[in-house]
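Presented below are the structures under discussion, each in the form of structure tokens.
Shared chain: chain A. Partners: chain B in the first complex, chain C in the second.
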Partner chain A sequence: MPLSASEAYEPHEPHASHEPHAPHASKEPGEPYDLAVIGAGSAGLAGAVTASELGLTVALLDASAHVGGQFYRTPEPALGAARPEALHHDWAAFADLRRRRQATGGITHLAGHHVWTVARQSDELWAVHAVTGADGAGERPVRVQARAILVATGAYERQLPFPGWTLPGVVGAGGAQAMLKSGLVLPGRRIVVAGSGPLLLAVASSLAAAGAHVPAVVEATGYLRYARHHRALAANPHKLLEAVVHGSALLRHRVRLRTRSAVTEVHGRERVEAVTVSRLDGDWRPVPGTGRRIACDALAVGHGLAPQIDLAVGLGCATRPTADGTSALVLDGHQETSVPGVWAAGETGGVGGAQLARAEGELAAYAVAARLGVRAPRTESAHVARLRRRRDRMRSFADAMARAHAPGPGWPEWLAEDTDVCRCEEVTAGAIREAVADLGARDARTVKLLTRAGMGWCQGRMCGAAVACLAAGANGAAGAAGVAGAAGADGAVAPPGERRPLAVPVALGALAALEPGEPPEPPTSPESNDSPRSPESPKSPKSPVEPDR
Partner chain B sequence: MARTPAELVGAQPGPPFEITMDGRTVTALPGQSVAAALWGAGIVAWRTTRVGGRPRGAFCGIGQCYDCLATINGEPNQRACLVPARPGDAVTTQEGHGRAALGV
Partner chain C sequence: MVGAGVVGAACAYYAARSGLRVTVLDRGPVAGGTTGAGEGNLLVSDKEPGPELDLALLSTRLWRELAEELPPQIEYEAKGGLVVASHEEGMTALRDFAAAQHKAGVTAEEIPADRLHDLEPHLAPGLAGGVHYPQDAQVMPALAAAHLLRAAGARLRLHLGEEVTGLLTGGSGEIQGVRTASGPVHAPYVVNAAGAWGGELARLAGVALPVLPRRGFVLVTEPLPRVVRRKVYAADYVADVASGSAALQTSAVVEGTPAGPVLIGASRERVGFDRTLSVEVLRRLAAQATALFPVLAGVRVMRTYPGFRPYLPDHLPAIGADPRVPGLLHACGHEGAGIGLAPATGLIVAQALAGREPPLDIAPFRPERFASAA
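Our next item is the complex of A and B:
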């Protein structure tokens, strides 16, 4: 398979797809691709397929071995699953995208490619840098050049810490779902599902369908809050249907839904043995004396999703706070970011689900094609208008959902002083509160410099929301619940936590293999006052060879 | 009603093979990650932390949290949720940063 754009670094066959694909006929060797799509989930796949159908040459990069992203994560082919759709909602849409992908044949799928940065080479040329292999440890860096970028990097699960959440057997709700979908395994036999957000119902029904006993789904909000946004719900009947499907599955498996409650403690020495579930008040403060113990051997927990936007933030793309306290990319009506030439689709523009992601991926592809001078057939204009209306309708529902599941300002009250907030660096709530109360930290970055919270392997993905919230609490901005970039009482804007100059660990050998003249420094972000040479920067990029200590 | 995930999706995997976890034999299915194989055997911890020496295993399941770092065939700091299990793999509990031999 010719991949001349990356030949400078990649003399051998790149770690390419296990699935068949054909290089696009119109791409000359050495020429950049028209479009590089980063992420092969619902948004990226829809964008790549549509762009290819419009005649663009497309490189589709993804860390995983297969397309589908997290939502359409499928059992490895070697597991021989005859009914992979049994673990999925809306499988037909994915099957359709895969059919279209085979039919167009013009997508170069670069599987096992972990993109660590995107660099602007000129006004009309971008370089996407990736490391390869299942764990990204293959020390063969790849550079893919393209005339336009579509960031479709999805989201990761947001976590709020609580006593005992580092005990083995406590897993992310999305993590339990992912391990089930890809590896056909469960973290235990009796699994409590807890946290907040619509994902919990989907996870609980999959776990139960796969044979786990789910004694309870513990949701911090009251589901009645959706009623306040009945208009958005009425305009999105498929979401209601989805809820009914999950709801009836839970009834069938006799799963109890406990709303306005949270797991406030996990019990066990070496692994989970039980959890304590407490009632919450409207601000998510645990109500004293309401704790009830539920025996279980695993806990699947998550508090919604956070857009994975570090690559775009590194390019200087503007962000906005979302209704549930995360940061998402600012996008125009055509899915373009604030940086011309860089588009985004799906969760990166605000978490909204797979169906919205597909519509946005398609819209982005039409916009890219138009920018590159490819005229879509006239018959397509009605289709695009319809897509835009659907996108707007689904976005409004996503916003209503985000508002309903925004963490209440009282959640830090379930933390004990010795609860680890940062899992990687083992930084406790007490240490972070000390940094805020006694040392004057007012944002997550300062807390990080003082305590190392967020400085470990995961680069703050697991603790970032919680740390931002604890830091903002002292600012009187607790209601913001960890809004990255939110203004505190003094008007100061905290730097967003998604600044990760290297989005994934890169071995020193891979960096050393870069061509002379390739700037190893990440690009600067024009609207940020945070210097790329800030004190923690040299430590943030982790090398698998030398873990940060 | 399905009793196992494999029954739910009608899985007919290839022949199982063996890996070891601290010397204990664990049966893996072709296509499973190291973490999936360990979960399948009821093992949820294969690392101890650098500061507190506390046990950890897979948490996020998608390669984002790095809690599942394992020493596989002597090579530390590999994300067990991403690395496919291969016949004969020897997984050992990773203590701290996994580089004690370097004396750092």
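Our next item is the complex of A and C:
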């Protein structure tokens, strides 16, 4: 039984875990929060904690039951995990944030809240719309009002399809790591790790440390590309250290690193039995005759991460193409988006990892506090300056990594015509090429309209990059130039440029239970008369009903 | 032909079939504007007797022919429409309306309350009755446009991603073609099929055509087995309008699709080309749709998107030659009915280009009819 709108709109949501409010950060019931933070990962948690320490009232919304986001995962209590830190890099920083969260008041943690849109209510007030409760008929709408928004919605794994990628046993590289961290389970016993990006080494290390045999890590770029950006590396010694740690762990477990190679086919009847690994040329084209079969029972694959920015795009925040062909939010030096009152931190501004996310979350909190008229103690100014320098240094490193791992333009050559590109709707590479060649599609959106690619459960998050690439690639010179222009000199995967006004699916019953609002645009003059056509209306003597046609 | 939406595609199709060589230009892809945002409804049920209904009845016949000629991918479905009334007052108005339509050639069958669930098993209980319109049908609009263009054959050239920046005219002001960033395209006739942007193209030609965008949102649910068989919508805001709450501009139209998702429209607002999500519109459409089909309450909306109907002040399209500019024709301003009215529009334009008599009286669609008001 859905709650009535008024109940659902009570600011004291039944699922909220209220920390005791510090005297300086108390909120009258019904008053808006100073800050709504969307996403309780590294960026959001750091932002919420810092803002609360500065005296702001903060709502921290996240879909998950625990804080920590994609990176810091709390194992299910029933598993009795004694040392979650063993599976996590930099657990101490997370523990510190959790301790500070306990110490400060004023954070209302809204766990299990799936935010589907953020709407501007006035120049100084935002409404965050979420659903909570069981999926489907059990969903209830919740509206959280706030004077400022911090978008810390992280990233999702990017996939480039290849023949056989829909076989059971093929999992996302990030997904494999998440399964391990939160469920202490492995996707197989003999796991090939493949794709591109710095995450692969970390995933391989974790899997090997947890007892899996990892016959190969297959990386599409050559690590030599890092050398081109050695200045960024030198400025980020901890990243080098991280690489050495992973490297040595891989050596210890006898994991072979194959660079400039890709899994170009997966074999197996019911599930993965083996993969073919081929050498790639500089453009990621498979070199004929170089395929080698590697037996395995699972494949963990990922081609980097893509910022999860649907909510911000829905608000009209400007985006920029990243060097590896994703879309990230445009941010100023204070982490504010192009929409005043909306800040962002972490992967939404370009994928850069948990440490960068923490620094940005903190910086955003200081900026929000300043905007709302809360002055940070003088003693903090040196700290903020230090944070900025660290942020800038880590950002430049992140950009260097993105350039190094940008997919080459030749990757579609490993697709067969019958390879499913959109796995939700089972749309093949051949069908997409036909839509482009014969039916006049020139972009991912039109391909979607004509083939249904990207219309399924994942709403194109899984296939968007590949579809955009196939749509542009087959357009000939103009398309290719456009892609190169958008994705940077050495990237061929362009940002899909998708808009998803609903960031997550919402039950119709939950939408219907929303609090009634003002009519969007009441007719004010005969010229702007938008009243329904009806026999009674002299202006528009039409039918009693006027459906969309 | 300026515009590669369904109207431009239908005009190109019929013109090419009558032997003309046609170039279709669009600054975007095929079906990149309102066509791509439409539900693909081919309706007679919502039209009162008059010129638009005549156009719709002709189109209904033409769509049936096209469904034979074009590949099945256009998802033509003669599914029929069902308009329901929730109380007796609304049913009376609906009955009168259907009787008038019947005289104009519409097939309309009254469905008493106790038979509604034979047609739509999941309808809410307690409705007063309805009218079944078997002529209502549906296509997948983007695929319909794409396949119309493809079926036009070798006489058609498609210039996508090319924006028309001006019109070429001769010494006495007659049309000689269009200008684009990549060069001129010469033709003695230019057809304005630019949909919601038709007013802009008219301005390039130096004439006024007051096309304005009228925004609507469509909600798309997760795929379902066939829960909704027809196009179902409620008629009972006749009474709402009479009671003065005319500000209500949402009327949920609920329908299933061959691919599985249920589509829910239709809202109407004049807010320019603003694509910002309106939470209030979503609330109203969801409330109305679940009132019709309570079973949908637990069904999730996967996505929503806005579209911009090309709106003209008298709710009728502008079709045919513009006497103010020799060689210029218009085929735009169909508001929310462009998919349905496309074939009849295309046929009228093709006939006009060939110097033949139109298939019906096109005086009500005269493009210059707003000139005196402007």
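Going forward, the second predicted complex is superposed on the first by the 464 of 549 C-alpha atoms of A that agree within 3 Å, B and C clash if a C-alpha of one lies under 4 Å from a C-alpha of the other, contacts with A are read in each partner's own complex, and residues count from 1 in each chain.
Simple rule for what comes next: contacts are C-beta pairs under 8 Å (C-beta built on N, C-alpha and C of every residue); 3 or more make two chains touch, one makes a residue touch a chain.
Since the structure is predicted, the reported quantities are computational estimates derived from the model, not experimental observations.
Engineer: Classify the contacts of A:Ala137 with the two partner chains as first (chain B alone), second (chain C alone), both, or neither.
Structural biologist: A:Ala137 contacts both chain B and chain C.
Engineer: Which partner chains sit in contact with A:Thr319 here, chain B, chain C, both or neither? Use first/second/both/neither.
Structural biologist: neither
Engineer: Examine A:Gln70 and indicate which partner it touches, taking first as chain B and second as chain C; both and neither are also allowed.
Structural biologist: The answer is first: A:Gln70 touches chain B but not chain C.
Engineer: Using the superposition on chain A described above, determine whether A:Arg423 touches chain B (first), chain C (second), both, or neither.
Structural biologist: After superposing on A, A:Arg423 lies in contact with chain B but is clear of chain C.
Engineer: According to the stated criteria, A:Gly211 is in contact with first (chain B), second (chain C), both, or neither; which is it?
Structural biologist: The answer is first: A:Gly211 touches chain B but not chain C.
Engineer: Using the touch definition from the top, say if A:Thr108 reaches chain B (first), chain C (second), both or neither.
Structural biologist: Neither: A:Thr108 stays clear of chain B and chain C.
Engineer: So in the superposed three-chain picture, is A:Met462 touching just chain B, just chain C, both, or none of them (first/second/both/neither)?
Structural biologist: The answer is first: A:Met462 touches chain B but not chain C.
Engineer: Touching A:Gly440 in the superposition: chain B (first), chain C (second), both, neither?
Structural biologist: second
Engineer: Go through the superposed model and pick first if A:Glu270 touches only chain B, second if only chain C, both, or neither.
Structural biologist: After superposing on A, A:Glu270 lies in contact with chain B but is clear of chain C.
Engineer: Need the overlap of the two footprints on chain A, from chain B and from chain C, as residue ranges.
Structural biologist: 135, 137, 456-457, 544, 547, 549
Engineer: Could you list, by residue number, the parts of chain C that touch chain A in their complex?
Structural biologist: 4, 28-32, 36, 38-39, 41-43, 45-48, 83, 90, 93-94, 97, 142-143, 146-147, 149-150, 158, 160-161, 214, 216, 218-223, 231, 233-235, 237-238, 241-242, 246-249, 251, 253, 259, 261, 264-271, 275-283, 285-287, 289-290, 296-305, 313, 315, 336-340
Engineer: Quick one: which bits of chain B touch chain A in the complex? Just the residue numbers, please.
Structural biologist: Touch residues, chain B against chain A: 1-14, 29-33, 35-37, 39-40, 44-45, 49-52, 54-67, 69, 77-79, 81-84, 97-99, 104.
Engineer: For a test of understanding, state which residues of chain A touch chain B in their complex under the given definition.
Structural biologist: 63, 70, 75-84, 86-87, 134-135, 137, 156-157, 166-172, 174-180, 182-188, 209-211, 270-271, 298, 423-426, 456-458, 461-462, 544, 547, 549
Engineer: Looking at the complex, which residues from chain A come into contact with chain C?
Structural biologist: Residue positions touching the partner: 2, 117, 119, 127, 129, 135-138, 314, 316, 435, 438-443, 445-446, 449-450, 452, 455-457, 459, 478, 499-502, 505-509, 511-512, 514, 516-523, 527-528, 530-537, 540-549.
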